[in-house]
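Right after this note come the structures.
Next come two complexes built around subunit A: one with subunit B, the other with subunit C.
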Partner chain A sequence: MSAAGVPKDLHARIYAETEWSLSHKLRHAAQSVVGRAYPRIFGMSREPSWLFFDLVFPTLGMCSFVFLLRSRGADEAWISATILASALLTFWTSVIWMMAGQFRWERDSGNMTLYITAPVGLGSIALGMAVGGAVGMAFRAGIIILGGSLLFGAQYEIREPLLLALTMLLGIAAMYALGVCLAAVFLVSGREADHLGDLLNEPMQLLGGLFAPVRSLGIFGLLAIGILPLAPAADAMRQLAVPQLAASGLLPVPVELGILAVMFVVFSLLSHFSLAFIERRGRADGKLLTRAD
Partner chain B sequence: MAISTPAASAAAVEVSGVGRVFQAKGGSVTALHNIDLRIEPGELFGLLGPNGAGKSTLIKILSTLLLPSSGSASIFGLDVVRDTARVRRIMNLVAGGDFSGYGLLTAREQLAMFAQFYGMPYAEGMRRVDAQIEAFGITDIRDRKISALSTGQRQKLNFARSFLNEPWMLFLDEPTIGLDVSAARDVRERVRAFQAEQPGRTVLLTTHYMAEADEMCDRIAIVDHGRILAQGTPTELKRMVQKETLFIVGVDELPAAVSLGTLRELPGVISVVVRDADGADGNGVGSPVTRLAIALREDAALGGVISALAAAGAHLREISKSEPTLEEVFVQLVGRGISESDSEQAL
Partner chain C sequence: MESCSPVQIDLTSRTSRPFGPLRGDAADAARSLIASARLAWAIEGNWAEPFFLLVYLIIRPLAFLGLFLAVLSIGGALNPASIGFVVVGQAVFQIVGAAMQGPTHALLDDRERYRTIRYIFATPSSLLPVSIGRALVKALIAAISAVIVIGVGALIGMPMRAGGPDLPLLLVVMALGLTSIVGLGIALGAVCVQLRNDAWGYPQAVAGSVFLLCGAIFPLDTLPRALQLIGAALPMTWWIEGVRRALLGTASPGLLGELSTPLLLLVLTVGTVLITLAAPRLFRIGIDRAREKGYLDRSTAS
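Our next item is the complex of A and B:
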């Protein structure tokens, strides 16, 4: 049976539509990244309560550390370092909450089904999530630094602004690349991974050297710097923005930058393979990527 | 790996010996047994069956969400396992009860986001977004957040999304589930219009609404326990349970010049009985009408009956063809009603 009016060249036309040039593929990938980043950048700012939680709670956490430091008579330089660390923490929190658990949310909401059946790669979706998250958090981090500095009179002495910017950029990139890997791991592991993420939240902040230098952690500090992007990023930023604390750094800034670059590459590769793995496994087992009916 | 242009004779959907086994805690569960199916370009094909029959599993395989355990399947000649990326460029999927998307986005933003994912240039994508919003009559909600939309509005938006890439192959998995009568009718009309706009667009619909399948589908396959029990046009399927054709013919009154016995002796006539004698509207109101139930070997035999009645002076008041429903077909093939099947599934 054949429906009336079907053109004779139908198959040739359809086949031509499936032929995408390299430039088409690149444009499509870029558009997909922007498309997925959009809800994170613009959508989230429409929920006042989120803004409140994202700004007020980190600021309260920062204040508690600042008051603690002041009560102990710590050098004012540590106040500046704490404010920087709080800004970095907003990115890390976003990696844990908005990256790692995201794929499972996408699956349970039915979005993952639409992503898989669309001609868009999971890599573009993940990159869009990361870019959107990083841009959205940059705004919050900026407010935390500005507000904290004004509130506590913190001062910075930035001699190498480009190096500081590069450190921040590489640190954020490495963290979000790790976030994509975690998204795949959390998807496969289920809720247990969520609980583990919650349990590890505080230890991660300690190992990341956010509020105390990783140098003081000895061998664990070295270990942290080798696996956790937060640690070299926080350590290098502290050295670059608050020179009085340079002596507290575990490794020289260029070395830590190198570590961050390697982490970014390694986590990006792991992300690529883990996304390919979850798609393959999801199509094979029929459960990983689709919402339970 | 480069692939060659599919043959012009390739079906829109070709399924050969597809089986699917799921691993479960208590052992393996076979969801599909060696399915064969061919759907021609331009068809609206329905898979009819109870929950758990295997309809959605087959759609998942065809829409590249799931790998088959055995056999092969292709969309317009493109293998769903090997040519996955190409298949995804010409298809789309709508699942019933789907509340996907991001609640903080507006309806238009959500469609714009998916337009980016479907690979069309930005300006063209936005043109299609606005065109679909217009076509589905949802201009009033275009700037409303997704989280504030009703089920019907969200499903219309879901359909609008699926039309954005103008797919050649559209999979509709229980698309009207949870919709009210009016919204369901709207989306069915849009699906038909969508197919009519471009001959060759093919739709595979799964449903357990008999009337929906009967109304929409060119052909239907009845599926149960992972097997296709029968397939054909709705009329062909109905013929499977009723070999003869049944007409109801209403006349003012049966003239004395013609008896039921006379009518029964006409060529092609199997039986004639007086079904009822009642008012014109069936409630005893209006001038009386006598209805004859006439079973024929084929439709063409009706002409002789009408001629005989007219020659005897009967005034013809009404004529209708009585067909078995798909529900009756389903019961005969499956051995139980579709709602009973769903109840069993729930247990």
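Our next item is the complex of A and C:
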């Protein structure tokens, strides 16, 4: 022990405790992911009202579109596609409010400071949020498809279930990766964030061709399919689950899968940099990550 | 030395209750309403530069309209009558949604976000005009979006009434409709302050249900019979139909279209009077109960 009371081996001890092996880092990251995903998956059993609201909004929207289609005498295949789109919409809504808006909400409730001071990377926390959100929403999406099918007699003809599963997986992964990128934007945007969330709702449903074919949007549809994961995911899923509507697809399914894969990689890289940015800026100026009041 | 004599307050009397939400004379109420409307404008209209606010007010409702028109085009080529039906329904529902959710959001904002509701209770202001003032400004901002939607509708081929809008009819149905919706909104607010969880979600859920039932984007006849009856009992259904007749000069297809305009106005008037009589009483009961149970300090955001 030195005269000042500081252990002589302090530097070595800090180094030993913070320089983990790769396996230790991976194990720790995995534990962090599971820890953050847990409340999102099991939280609904403790708060049934969350499940209610997660189901009621897409269901009401779905019913409106179904009745609108019926009032126009549209093909029943479009009603099946609308139910599928409503299921996909639960994921998109989760991406907007439970991913993009989450860090801002955590900041306002005081948790963001804890995240930064805890020995856990923001990447692990974001991945846990995404995994938990996607698993929780998959349950809700399943209920919507089941309920919608029973209510409106929708039918699906899935000839390539593995391809459909891969499309859903890539689509959801790309959407949640985009959600992490947007989390930084929401955090920086302050009180405009709520309105930003609103702007990502209906306008993106239109651009993403969720309830009507993206092909009908012309040049905007092509643009959307290149930057918005919702567009290729919805278009490919419609082609795979409702083959009668395959002609409404903008691009062949394998091409849209490729686009989703590229989006996933690009958005994952961007999210890595955006998380590093907010952590660096938050630590530097002490304002971004702490609640205003 | 000055002496202080204790003030006797009869807490059991409903008429002389000093701390209820409906106190003060008309002038106090008017002052509270104007002050809360100014506050609401600062909250709702001051979060961005005017240009960005206008862009926001334009983009979202037009995207909503585009979404419905895109779905509508699935069933075949769009005809002007269908465009007019959807445009007016969607435009008016902007106001319905805002006015209906306004009072609840104002109460919950003051209780949970700004934590000022306890201070409003401690002032001579009455909570009812405060809530109404906030709702009216939200409705006014939504009305800007509604006008933009109708303008775009006219540009894309919506058939307007020959000789221009029927302004007297439009003014009457707007006044009646707005009064009834704000009335329903304050009743909803009084219910939502009682809730233990997720009080923020219920107004949106109610507005979503009303959107489905009131024939905003498809004729009421498309709904199953039981839902048609519920839809017919909603003042918004008659309001939207009245605005369609005033702007388009034609009635909706189906059941509503068969009714004469005077009968439509009569139904809307009766509904509005009933709501106007009941809503402040429900509001008073709800707020009194919330105060007595200590719910005015509660936070339901999860």
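Definition applied: the second predicted complex is superposed on the first by the 271 of 293 C-alpha atoms of A that agree within 3 Å, B and C clash if a C-alpha of one lies under 4 Å from a C-alpha of the other, contacts with A are read in each partner's own complex, and residues count from 1 in each chain.
One rule holds in what follows: a contact is a pair of C-beta atoms (placed from the backbone, for glycine too) under 8 Å apart; a residue touches a chain by one contact, two chains touch by 3 or more.
Owing to the predicted nature of the structure, the values given are computational and were not obtained by experimental measurement.
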> More residues of subunit A are touched by which chain, subunit B or subunit C?
Replying inline: B
> So, does A:61 touch the first partner subunit B, the second partner subunit C, both, or neither?
Replying inline: second
>> Looking at A:91 after the superposition, I want to know if it touches subunit B, subunit C, both of them or none. Which is it: first, second, both, neither?
In response: neither
>> Output check: A:73 vs subunit B and subunit C. Expected answer is one of first, second, both, neither. What do you get?
In response: second
>> Between subunit B and subunit C, whom does A:47 touch in the aligned arrangement: first, second, both, or neither?
In response: both
> Can A:206 be said to touch subunit B (first), subunit C (second), both, or neither?
Replying inline: second
> In the superposed arrangement, does A:198 touch subunit B (first), subunit C (second), both or neither?
Replying inline: second
> With the two structures laid over each other on chain A, which partner does A:216 touch: subunit B (first), subunit C (second), both, or neither?
Replying inline: second
>> After overlaying the two complexes on chain A, where does the subunit B footprint on subunit A coincide with the subunit C footprint?
In response: 47
> Where on subunit C is subunit A touching in the complex?
Replying inline: 47-48, 52, 56, 59-60, 63-64, 66-68, 70-76, 82, 197-198, 201, 204-205, 208-209, 211-212, 217-219, 222-223, 302
> In their shared complex, at which residues does subunit A touch subunit B?
Replying inline: 1-12, 14-15, 17-18, 20, 24, 27-28, 31-32, 34-36, 38-39, 42-44, 46-47, 109-111, 113-120, 282-286, 289-290, 293
>> For a test of understanding, state which residues of subunit A touch subunit C in their complex under the given definition.
In response: 47, 49-50, 53, 56-57, 60-61, 63-65, 67-75, 78, 191-192, 195, 198-199, 201-203, 205-206, 211-213, 216-217
> In their shared complex, at which residues does subunit B touch subunit A?
Replying inline: 5-8, 10, 20, 22-23, 40-43, 56-57, 60, 63-67, 76-78, 83, 85-93, 95, 98-102, 104-105, 109, 112-119, 121-122, 145, 161, 168, 199-200, 218-219
